[in-house]
Amino acid sequence: MNDYFDFEKSIAEMEKMIEKLKSISPDQNHYNDEIAELEKKCALQKQELYGNLTAWQTVQIARHPKRPVLLDYISLVFSDFVELHGDRSFGDDQALIGGFATIGKRRVMLIGHNKGKNVDENIKRNFGQAKPEGYRKALRLMRLAEKYNLPVLCFIDTQGAYPGIEGEERGQPEAIATNLTEMARLEVPIIALITGEGGSGGALAIGVGDSVLMMSHSVYSVISPEGCASILWRDASFSPQAAEALKPTAQSLLALKVIDEIIPEPLGGAHRNYEQTSQEIKRVLLKHLKRLSAFSTSKLLKLRFEKYSAMGLFSD
Amino acid sequence: MNDYFDFEKSIAEMEKMIEKLKSISPDQNHYNDEIAELEKKCALQKQELYGNLTAWQTVQIARHPKRPVLLDYISLVFSDFVELHGDRSFGDDQALIGGFATIGKRRVMLIGHNKGKNVDENIKRNFGQAKPEGYRKALRLMRLAEKYNLPVLCFIDTQGAYPGIEGEERGQPEAIATNLTEMARLEVPIIALITGEGGSGGALAIGVGDSVLMMSHSVYSVISPEGCASILWRDASFSPQAAEALKPTAQSLLALKVIDEIIPEPLGGAHRNYEQTSQEIKRVLLKHLKRLSAFSTSKLLKLRFEKYSAMGLFSD
Amino acid sequence: MPWFIKSKTSEEKRKPVKDDIWVKCGSCNAHVFKEDWFNSLSVCPKCGFHGRLTAYERIGQILDIDTFKEMFGRISPSDPLSFVWTRGSYKDIVKQTQDKTGLNESVVCGIGKIHDIPVSIAVMDFRFFGGSLGSATGEKILLAANYAYEHKIPYIIFSASGGARMQEGTLSLMQMAKTCAGIARLREKKIPYVSVLTDPTTGGVIASYAMVGDVNIAEPGALIGFAGRRVIEQTIRQKLPDNFQTSEYFLEHGFIDLIVERKKLKDTLKNVLQYYNR
Amino acid sequence: MPWFIKSKTSEEKRKPVKDDIWVKCGSCNAHVFKEDWFNSLSVCPKCGFHGRLTAYERIGQILDIDTFKEMFGRISPSDPLSFVWTRGSYKDIVKQTQDKTGLNESVVCGIGKIHDIPVSIAVMDFRFFGGSLGSATGEKILLAANYAYEHKIPYIIFSASGGARMQEGTLSLMQMAKTCAGIARLREKKIPYVSVLTDPTTGGVIASYAMVGDVNIAEPGALIGFAGRRVIEQTIRQKLPDNFQTSEYFLEHGFIDLIVERKKLKDTLKNVLQYYNR
């Protein structure tokens, strides 16, 4: 399960050592003390490391190939999922999926990007980069949620909308713009959760929530650090600097009031403990569902409009 | 201007003879009496012929290559036309066009099939056979009409929705079905006019009107006579019989309460006098616009629902 | 809009041949004991081919036992055009079809329950004039929609149709608008409408009520299409792909929400309906 | 979402070169007398190339004389991220840009009349940070929408933008949602909103308010696109068609209602607005 990044090297070594000691005498525990000490040391160092990640390190964790994807959450957070396919006009995008789902005792419409975790899945899911038909499917499901009076939960995890010629041809900008406009007035609560990468317009197109949440090691940005570095620094190797400058982390965005709450991940990242991650997600989602379901529709729309009206910092 | 059908042979001969006599002595009018007599005889025979056309003959006139098309009516019946392109999701279908238009002093949304009158035009217009993006453009314009509080006028002239693979792929049935469903509740008056061929679902997809009108030599049918003959008679040469059996003429459909009024064409068909045809259309459309604009929205929708609820004859 | 173009031979091939003891599968030609065939809901135990059902067989499979109450059963075709063709008069052939099938029209309507959820339901029967949409069919489908509207219960239509009934001319075309007007009112009042597409759903039916469900469900391998294969091949002058006009093709192109095996259909309907939250 | 990928060279080529007497057309390289150039509304009299306009030039061409009243003019960028890159700090460069252009932000907003029809109007200026969408831009565009909403007058936006302003990070992305929220309320209250797309309209602007007009109008030959050409070429690994990402390409694909030459733009706007019938 554990693939380590460069900056996790010392932790990786300690964890390997612990494994090794444990495997030498699995029954008699000759090295109990050494193991305990190492584990304590390791835990401290983790606390130190993961509590002080750079933006660029966070980007890497957010993109971890073993990070849970929507299908994992569907089985761990939700029950009774009924996937609904198709945009009813062109196709069925497998990069962005959705359907009826139940969380706790609450019925919802669940929509989200789904990255793959291996080559085949990534081809099928187009690395979670949705095409216009994906965003149009999302809107169709939101409209259905409105008819059935179900809150909408959006799980966001994408580098961005697919930037190929088909996207331009079939109206990536139209699909995104229409979603932004329609979501602004959708008559049911919307909760958006950035689980991994929140990449630009492709993320926002299902991200206009009454509550916007981020996993503690996810990122949400107007452009990828690589893209920003190649434009502003004219050199993609300045990605760490660009990442720092863009302030795409949950902490920064909470401070900038772009998001409402951070969902803590297990030490080292969501990929280290799917179960714990899912429980936290469930707890926080249920809390927000409860809060939002108390509002009348007109109150909900008023609050949503005020929320987005207040986005941004400028001088006057 | 005059292309004659077989059944117009005797009239064609008389008209040629009159032309000839007139041309022999254009100034002195030696043959004045003969001309007058021939013209009288010709007029009588026309009255006789065009007042008693068979269904199959009507089909042929409805398909006359010189019959006025929507673009003719746009310049003769309407003013200030602003064409609006595109379905906002895939393309701009030139077989089905639309835009803002003014008739008399009334502002409307005009939508309609447009056949071509020559090879180039017919390629561009796909012989008036719209694809899904055409029907979706029509719906978009109807929604815009709803926003701007404009009545919708639909000019229908098509063999049917385009039956190619692109139609199936991109959802011809979905586009038609959605239009039927949405038009049932569109909150502005809708007037549908079959100007030439009203071919099946491709016609009905812009045909759900509060008033449904037909030109006197137009046809409106669930299937073409040729199609019906090849299925039920297993031989397309039985098309005249099929045409008779299908009762697609304005007179029959008025009796069956499928349509509300017949707009008379000049003797011999609309292609013989564009100007006169257009004046009649304008007169009748203005009358219906006036009638429908008197209703409140709820009354309008109630009447529309009742109108379509009453369609059909069955035993109980 | 009508859709009678599939050749007789290929139609015949899909129809399971029944004798007293055996049913021969319309797809893999396996001989299956009649009892096994019906126990598996007319799905071939060998190859999974979904055979066609009569309206009452379908109702028996979907509704809770003894909950179905038929409605509008007397409504039946008239002969508005006095239509006559090589096979005879429409009137006579309607009579013969009624005698043969025991049905008055191509659709059976009523109310019942699905795992205790009350629903209004319309089920088409392909045996009656190829499940074609005539005036009486349209009337019944609208009345069942109106019943759902008035009683605020979900509406479910099982389609199985060759399209509009051309023997009723333009009146049959009008049924597309008429039925959709009923669906439109359900939309407005936020009452669920689920469309189930079964083999075959084509022509005027796929281009009206069958395509506009909140959720469109199809059985596997069903023939679903708008224009006839032959018409399309003439138009484009080339052969069509193999899965063209199947449930799977329609799912791929975004028009079907889910394809559900017959044995899971009742439970899936319940799952969908339970998400209606008013 | 940002869109700065067009190479400097090709950007430069499109920009007409001005000296005291002549303007050199950015497309055909013709030298045009400055007076003729401006008399033809900055459209090349030789080849019809539509040169870029400043916001105030545009306002002068579109609104009835002396009817424009600027609003929200004081709103200007802050530096929420303390953004610094190779060129320096965002704060400083904003200051320099303001001094150079005389503008406070990339959009000028206000009210005025088009052939006597009162409108709320927002006009972007590409000279200010490539017309990029920052927090202050979004605020002004929303406030102008709100003005139209409260006074029930049509709203018109002229877009000219390279996309979201990355120096404001995720806050600039949020401006897409913020501006569309304003447009959504206009929709709800049935107040007209016309979007005019001029050269260039790309990235986050084409993917928000610029694409959702009741009527989308484009000037001929404008660069209109979502992703950058280079990004797309890298993705698909092949050359793109020549008219790719132009007004004409977007019309063909159904996203633009009409392409209108600059000299007819004011009259066309009037024609469209007069159809609003409330």
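Letters A, B, C and D mark the chains as written, and numbering starts fresh at 1 in each.
Convention: a residue touches a chain if its C-beta (ideal position, glycine included) is under 8 Å from a C-beta of that chain, and two chains touch if they have at least 3 such contacts.
Fair warning: this is a prediction, and the values are worked out from it, not measured in the lab.
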**Prompt:** Which chain pair is joined by more contacting C-beta pairs, A-D or A-C?
**Reply:** A-D
**Prompt:** Of all chains present, which has the mean Cα position farthest from that of chain C?
**Reply:** D
**Message:** Please tell me the distance, in whole Å, between the geometric centres of chain C and chain D computed from their C-alpha atoms.
**Reply:** 52
**Request:** Would you kindly tell me how far, in whole Å, the mean C-alpha position of chain C lies from that of chain A?
**Result:** 42
**Message:** Please tell me the distance, in whole Å, between the geometric centres of chain A and chain D computed from their C-alpha atoms.
**Reply:** 32
**Request:** Averaging only over C-alpha atoms, locate the centres of chain A and chain B and give their separation in whole Å.
**Result:** 54
**Request:** Pull out every residue in chain B that's touching 2 or more other chains.
**Result:** 88-90, 170-171, 174, 178
**Request:** List, in ascending order, every residue of chain C touching at least 2 other chains.
**Result:** 187, 253-255
**Message:** Judged by the touch rule stated earlier, which pairs of chains are there in contact?
**Reply:** A-B, A-C, A-D, B-C, B-D
**Request:** Flag every residue of chain A that touches chain D in the complex, lowest number first.
**Result:** 160-165, 167-174, 176-178, 180-185, 200-201, 204, 207-208, 220-223, 227-228, 231-234, 241-242, 245-248, 253, 256, 258, 304-305, 308-309, 311-316
**chain A-touching residues of chain B, taken from the complex the two chains share** = 88-90, 132, 136, 170-171, 174-175, 178
**Prompt:** Considering the complex alone, what residue numbers of chain A touch chain C?
**Reply:** 80, 82-92, 100, 107, 133, 137, 144, 147-150
**Request:** State the interface residues of chain C toward chain A in the complex, per the touch definition above.
**Result:** 187, 190, 192, 214-215, 251-258, 268, 271-272, 274-278
**chain C - residues contacting chain B, complex** = 1-2, 4-5, 74-78, 80-81, 83-87, 134-136, 138-139, 142, 164, 166, 168-178, 180-181, 183-185, 187-188, 204, 206-212, 225-228, 231-232, 235-236, 240, 244-245, 253-255
